[in-house]
Every structure is written in C-alpha cells, then in structure tokens.
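Order of writing sets the labels: A, B, C and D. Residues in every chain begin at 1.
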C-alpha cells in the first residue's frame, strides 16, 4: 500500500503539471481546453522523433547517469517543449483569437478544442501508427528504499523534474512581473487592460507556458510507461478531475488535486484492474461535484 | 457492361441505414445542444448504453456449448421493440443522473462529466466479462422481421424500419420544439436568468432536454446494434461514438432538425467515401494508419465550421414557435 | 491648454444609447467634476473616453490628438489613467503587486515612484504584503488610486471613488486629490457626492439622461438654486 | 397601512445581504402599498438592485424576512416568486435576442400546457388552442405598446427604447400583482421616457397592478411615484411623498450640494 502511494505521488506529479496547465488556461484564456491531453501526446512524440533522429545519427547515445534513457532524449525535451508551446500559440492565433474577437460563447471554445484534439491525434496515428513506442528499450534500473519500497531510478527523475517545474511556475507567478501580470488578468481582465496589460498578450504567454508544461508532462509519462496515441486522451479525465478538485484557478489546488488523483488512481489498483484508472478519476470528480462543487480550495 | 445495379443498390442501402442512424444521433444532440445549449461530449456513452441494453434485453441467455464461450449476466429474450424501448429508458436514466449532478454547475462540467461517463462505460464493458462478455461483446442480436423477406433483401427492410424511427423521432421533436416546451428550451439557451424571471424552472427543463436527447441516442444505439447484430466495447470510441456526430450537427445546422439529418447523411458520406478511397488508393503498407486521416478531416471540419459558418448549412429559422 | 476634449459624443452599450451627443472640455492643471444622478451616463462617458467603449459618433481629443477608439493600453502609454468605480483592484494580488501592475508598461525602476505613492497613502505602506482583497473599502479606493498613479499620469479619470465610504475617508480621499492636483496632475472626476466634489474642483459639468444640463465654475454650480430643483424635481 | 387603508402587498423585514465584506443590503425594512407606484432611489452602490435581487429570489438573503400578500417568500427562487405573482425587470434589458419579439412575449404566460412535452404529443389540439389565445394576447400587448409592426423581428435588433417597451409588454403578459421595475428609463431618450411613464401609470390605474420601481431620472420618479423610499449605503434612509423627499436635506446631500453643507 505504501508502495502504491509512492507510485501515486509519481503519477500525481505528472498529473499536477497538466492540471496546472489546464488551470492556467481555464483562468486566463477562460476556456476548458479539451486538446490539452493531446498536446501532451504531441510533446511525447516530438521527443520520440528527435531522440530517434539522434540515435540514427549515432549522436548522444550515452546513458544519463543511472537512468534508462540517453542524452538524446534529454536534449529532445527542448524541441518537444518549443514545438508544443509553439503549436499552442498557433492554435490560439488561428482559432481561439478569432472566436474571442467574434464574442463567441465559452462553450464554442471547448468544442473547437475538441476538434483540434482529434486532428492532433489523427496526425500522430498517421505518423507513428497505433502501436506502443518506448523511449528506451533497455532495462530500467531500480533503487531500493527503506520499508521495502522499490523505485525505478527514472521515477526519481520524473519526480525531481515535475517538482522543479512546479516550483519554477510558482516562482514565475509570484516573483516575475510577467507572472504577476498573468495573475492580474486572471483576477480582473478589464482592470488589467486599464492598467495597460494586453490580455491577448497574456493569453499568448499562458498558451506557451501551458503548452510547455504539457510537453514535459507527456515526455515524463512516456518515460514512466510507454507512448501511444491515446495516452493524452486517457489523461484528460484525471487532469480535469484534479483541476476541478483543486478548484479551477488555484495553482496550489491543482498541485494538491494532481497528487490526490495520482495516489487515488494507483492505490485503487490494489482492488481494481489498472485499466480502471480513468474511471477512478471520473468517480472522484463526480464525488467532488456532488459534495464540493467549488473545489477544495474554492474561494466562495 | 458490368454495372451491378443490385450491388450498388445494396451498397446504397447499407450506407443509408448508417447515415439514418447517425441522423438520429444528430437529432438527439440537436435537442441538447442545438436548442438548449447543453454540451454532451459523451454521446458514445448513451450510444453504448442503448446498444448494450437492447442486446441484453433481446438475446436469450447462452445455453449449451455457447455458454462455455459467452458470459452474459442478463438475457431476457424479448422482442426488438421492447429492446429499443428499454434502450431509450436506460439511456434516459443515466442522463438524468448526470444531469442531477452537473446541470446546476458551470456548463463545461456537463461536458467533462459526459466524457467521463462514456469512457467509464467503455472500460466497464471491456473489463467485466460476466456482464456482457467483455471485449468480445455480444453477437447474434435478433434482426427484427427477419424472414419476412429473402435475406439478400433484408437491408432494404431494415432501412425502412430505421427510416420509420427517423420519421417518428423527427415528428416528435419538431412538435416539441415548435411548442411552448421548445420555446422554453430556446429561451434558456439564450439567458437562463431571464427565463427563470419568466417563471420557468430552468433546472427541470434542462434536465428534460438532456434526458430526451439521451433517449433518442439510446434508440440510435439500439438500432445500430440490431443492424450489425453485434456489440463490442471497442465500437464506442470518442471519434466514432461522439465526435463525428458533433461534426454532423454542426455542418448540417445547429438548431434545425432538417439540418441535423442532412449533416448526418453528408458527413457519413464523407466518412464512408474516404474509407473507400483509403482502401483502394493508399498503398498496402500504409493501410492500417490511413483511416486516421479521417480524424484530421473531421477535426478540421469542425474547427472550420465553427470559425467560418457557425450556423451550419441550414441555420435555425427565425420564427421557430409554430404550433 | 485643453488636455481633454469631448465633442458630440454618442455612445452606449449594445443597442442602448446612453450618451446622446455630449461635448465638454478639461483644461490642463484643473480639477473638473462631472455631476449627475445615477444613470445619467457619467460612467459611460469615462468608459468611452478610456477606450473601453467605442464612441458611436463624435470625437475625443487628448493633448490635441484624436484618440477616439484608441484601446486602453495605448491611452495608458499616452499619459492617461482611469480608476473605475468598482472592481478597481486585483483582489488576489498583494498591495505591492497591485502597484507594480499599475506600472506594468514601465521598464525602468519603479521603486522611487512606489515610495511616492506610499508617501501619499501611508496606510498602504503598512500593508504592502497583504492581499488586496482583504483591505477595507477605503483602503481599496486608496490602492486603486495609487495603482493609477504609478505611471505618473498627466490626466487622471476617477469614477465615484467616494461611494459607500465613511465621511472621514471621503475627506481624506479628496485631500489627496487636491494634493495630487498641486503636483500638476489634471483630474477629471465623476461624483455623486456633489458638495465634496465641488469644494475640490475648479469646474463642473452636470449631466442628466445622457445630455449636458449645465456647466460652469465649481462655485457657480454650487450656488445655483436651479440645480437642486433640476435634480430633485421640487 | 397607507392612505387608502390597504395593507402592504410586500413587506421587507430586516433583510441583509453581504458580499464578502461589502454590506450591499444592511438591514432594510420597508412596505410597498397595494395598487400604487412606490419609488426606490439612492446613489450608486446604495443596494437598490441587490434588494430587488433578494426580493425576487435571484439572491438568497443572509438574514431577514420578506412577505408577499402575507406569505413568506424569502428562500423562494426567481421562477417561484414569478409564479406567486411577482414579475421583475432588469437594469439592462435582457430580451432574448435570437427569438422574435412575439416569441419573447409568448414565452411569458404561466401555466402553459404546451410546456409539458407529453401534452404537445398527445393532446395537441388543446395546446394549439391555448397557443392561439396566447398569441392573441401577445399581439394585443404589442399593439398597446406600439411594437406590433416589429413582431417578427429578432428582439436583439430592437433599439434601446423599443427594448424597454418590449419589457413593459412582458410585464403585461405576466399579469402579475406586483412588478419590480429596475430602472425602466435607463438608456431611453426623454420623449420615450414619458411614454413609458404613461404606460406604467396605466398599468396601475387600469389593471390594478402594484409597482415598485428603481429610478434615476428624477422627472420620472418624482412624477410617477408616491411614496418614494430612499436608500443609502445598504440602509433605508427615509421615505415620504415626492414633496417631502424633495425637501429632505439628507436626500439633497447625497444627491447634490443644493442645501446642506
């Protein structure tokens, strides 16, 4: 059980990253982004593409420390982040911004994001097929912790990266002018405009950051398990459940929500088939909607 | 001259059956989204409930050798119409449950909850073989009025049955929408507070709309199941079960039942035409991946409609109330 | 010199015409107040001047330049600042962060300016780290004004900042406004608290039903017997 | 009790509504006499609209009681107060933009059989009969406010003044006992405002409706309302005839520096 909890924290760290991304978008762009899961998938596959290119060129094939993957993948994080963030920004420019200008109702944004999600997924299916892919075929080294807990070294990496990113986002939002401006727009977009902050520009920032988070989350999940075109879609429920649990809008809430969701999903495997993980997320979300629709950290 | 008229006709009949079933789904969504503004991203869930309910209600429990291979918890061996009715009712009950949970909250919560329901059901039928035989699903669903015509003509008969349902549902919805009931739905779509200030219980009407739409989807599910005579969890994917229907309604005309039907036929034509094209044009090595071109096609189609022609091909009429 | 000119402006929300062709002027260095009952269109005028609403007809000039239809972001850079009546702070940001956001478009060191603002509103200085949402009504208004001052604007638009405040706070706020004006800021304020506003102003306009009903020096308006009748229908 | 000896149709007792630290309505008690036009004035932020929202059930009061025709109605929601005979309008017109003017009105009458889906399917004739009665009534209401020629226009395409007239027609369709008008004259030019005032007066004199009205345009309020209640900072400041209110130095003070100071 303890072991499952630890695994839950690892999964939860990845979910938390995504939930923060969804929360930022929900609060600043003011929409539910149903393409978010597929952006994670996109990030993961871009990293796969780049690391495959490296291995074809025989470049950067050395293993990174005690981990299962090589330097090629480490470097591949960068294009994955940049391209996914870039795609998010382009979708915003081509699709969401025109809709906002037209004054479309909020639900339309969700619908259109669904369209983008399917287009992205279709592209990934076509380029890579429906089969599973792995970043590294090699054995995954383990480490043994007290209390009989076995951890893969990769999982330590995942935790460190995820938590470092969460800390970075937190610092960005509370210490950096641009981050504070993002919170200002989330608080009161009209007043932000009056203060000379361009909301459209802040939305571009948000899309960029959320896209970057999606890419990292996707790659980390790829390292933890394997890649397939449906991976992001299956993540969507836990992500939204975490964000709603943590009351959409609060970063701290998304973090805690992500951890709760990760732990609940892993611990549930003690009784349920692992394939039920998305259902567990759904059930938790239903319970939250039933008993605390404003989320745990809800302000009202 | 090798034109096989019979072949073409039979191809057209099977095309029309599927298109008409999808037109039914599209009309169900039109009640929810087109007239009421409710976002159901889990049509696949109601599709699934409808199909499985009718399957479990109309098939007998497996006996003999079959019982060694097929697990099935329920098997009521009832006629087709009972199965369709049961499908509608069960589907409506699930919709009511989801509605009670989410309809008082922000609109997007319904969207995410219906996705959740659809995915959970798919997992459930996949992983609980005792209920409906797990991933293999159920086969041998009874075909209504089978034996009335020679088997090679059966598709025409089933097409007639589906079209009869389509017509009945069309008339029922049209009557509802053009009546004061529909007027309240359309008022809520625009301004819930104002509708409430006119003395209408907004929550109850939204619930009704969700349930009526889901019942129609349940019927669609049952019609599909009896057409293919088989149900499997893998059918009810987000694309095939939900998203394509959104594309149909959006293309045809949100808020217009004729549009909903038109969209069903047009998008299904695009879908099956591209299947045909892929099978015959794409090189063999690429055959397994090529069908996903349709994901991109349908995804982009929806985005473009929303950006360029949000009303669809036939938009809503100006004066809808007409009774 | 005229810093702000409004010429025959027609404006409103959606299809609702609120201002039916309004003209007025604000001279540099003055405090000008705009009085009138609720619904007269005062806030609509400020929102139209500040580019939140687009004028349907007519022109608006700032420092001689036609700014009709300019977005707020641009006006801020030109030296205009606006304090709306409600929702005029960022509640989840701290006091200090609120002031920083006021100076968002400035790239240089805003420290000295912030200290000046804190000097003007010493109460805020004591609560730099508090979340703005936790402040009392009076402190919020001070913070809102402070935020607008961060860019050292030439023209400050204030929308009913005294509404709902206890009288001693109203006095304190008007004192600050006079102080600011002495430092060279032109102030255009909308008020319902006419006596206070007239005391602090050089010039006044009366608005009703989207039309200008009277204008004159603050003293003329204050002493005009007609005006009481006009408003209260005696 | 008022001059006519009628007991009040609406009684508000110690109603309070806070939003966080903001005391929007802070212990208000007032009575609205039957078959008169009672005015409610006060500066922005005085809590007038919030009070209307609480009375009509859009918001729940934090404390206090509200009685309508002697029956407690606090705790009822917006559609329930309407069904009790209380109809409200909104500060900014909230017509249903993508429905025609006629449909906007036909929506209103309570107790429509056709709002039940079963009945539309199984007793269509009865529904049809009622529907044509409602249409007739809607056309009459449109005629009386002078909008008949616009019956098939989308309501969203009307001008500001026409929207106010549509709103007025809506209150006629509802046949309520009490109408809460929230700034009926906002966004309306002075001549249209006079027409509106005349219509409101006729509602009371001809149909025996009671009106409670928030207004800003003094000519409208002082002309039409008696008595007038004044609110300031969430509390009731005073109440009286237009003459009394016009003389009251406290009212003058919150409006304009006429007398006091």
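One rule holds for everything that comes next: contacts are C-beta pairs under 8 Å (C-beta built on N, C-alpha and C of every residue); 3 or more make two chains touch, one makes a residue touch a chain.
Predicted, not measured: the structure shown is a model, and the values here were computed from it.
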item: Graph separation of chain A and chain C (steps between touching chains); value: 1
item: Innermost chain, taking as reference the mean of every protein Cα atom displayed; value: A
item: Farthest-lying chain, centroid of Cα atoms versus that of chain B; value: C
item: Between A-B and C-D, the pair joined by more C-beta contacts; value: A-B
item: Whole-Å separation of chain centres (CA-atom averages), chain A against chain B; value: 31
item: Centroid spacing, where centroids are CA-atom means, of chain B and chain C in whole angstrom; value: 57
item: Whole-Å gap separating chain B and chain D, where each centre is the average of the chain's CA atoms; value: 45
item: Arrangement of touching chains [line / ring / star / complete / other]; value: ring
item: Pairs of chains in contact (touch as defined earlier), listed by label; value: A-B, A-C, B-D, C-D
item: Chain A residues within the chain B interface of the complex; value: 32, 34, 95, 98-99, 104-108, 110-112, 114-123, 125-126, 129-130, 233-234, 236-237, 240-241, 244, 273, 275-276, 278-279, 281-283, 285-286, 289-290, 293
item: Contacting residues of chain B [partner chain A, same complex]; value: 37, 39, 41, 101-102, 104-105, 107-109, 111-113, 115-117, 119-120, 123-124, 126-127, 238-239, 243, 246, 250, 288-290, 292-303, 306-307, 310
item: Complex contacts: residues of chain C adjacent to chain D; value: 12-18, 20, 35, 37-40, 85-86, 133, 136-137, 160, 163-164, 192-195, 198, 208-210, 222, 225, 227-228, 230-234
item: Contact footprint of chain A on chain C as seen in their complex; value: 50, 52, 71-73, 76-77, 82, 84, 87-93, 97, 100-102, 104-105, 147, 151
item: Residue ranges of chain D in contact with chain B within the complex; value: 56, 58, 77-79, 82-83, 87-88, 90, 94-100, 102-103, 106-108, 110, 112-117, 120-121, 124, 127-128, 131, 134, 152, 154, 170, 174
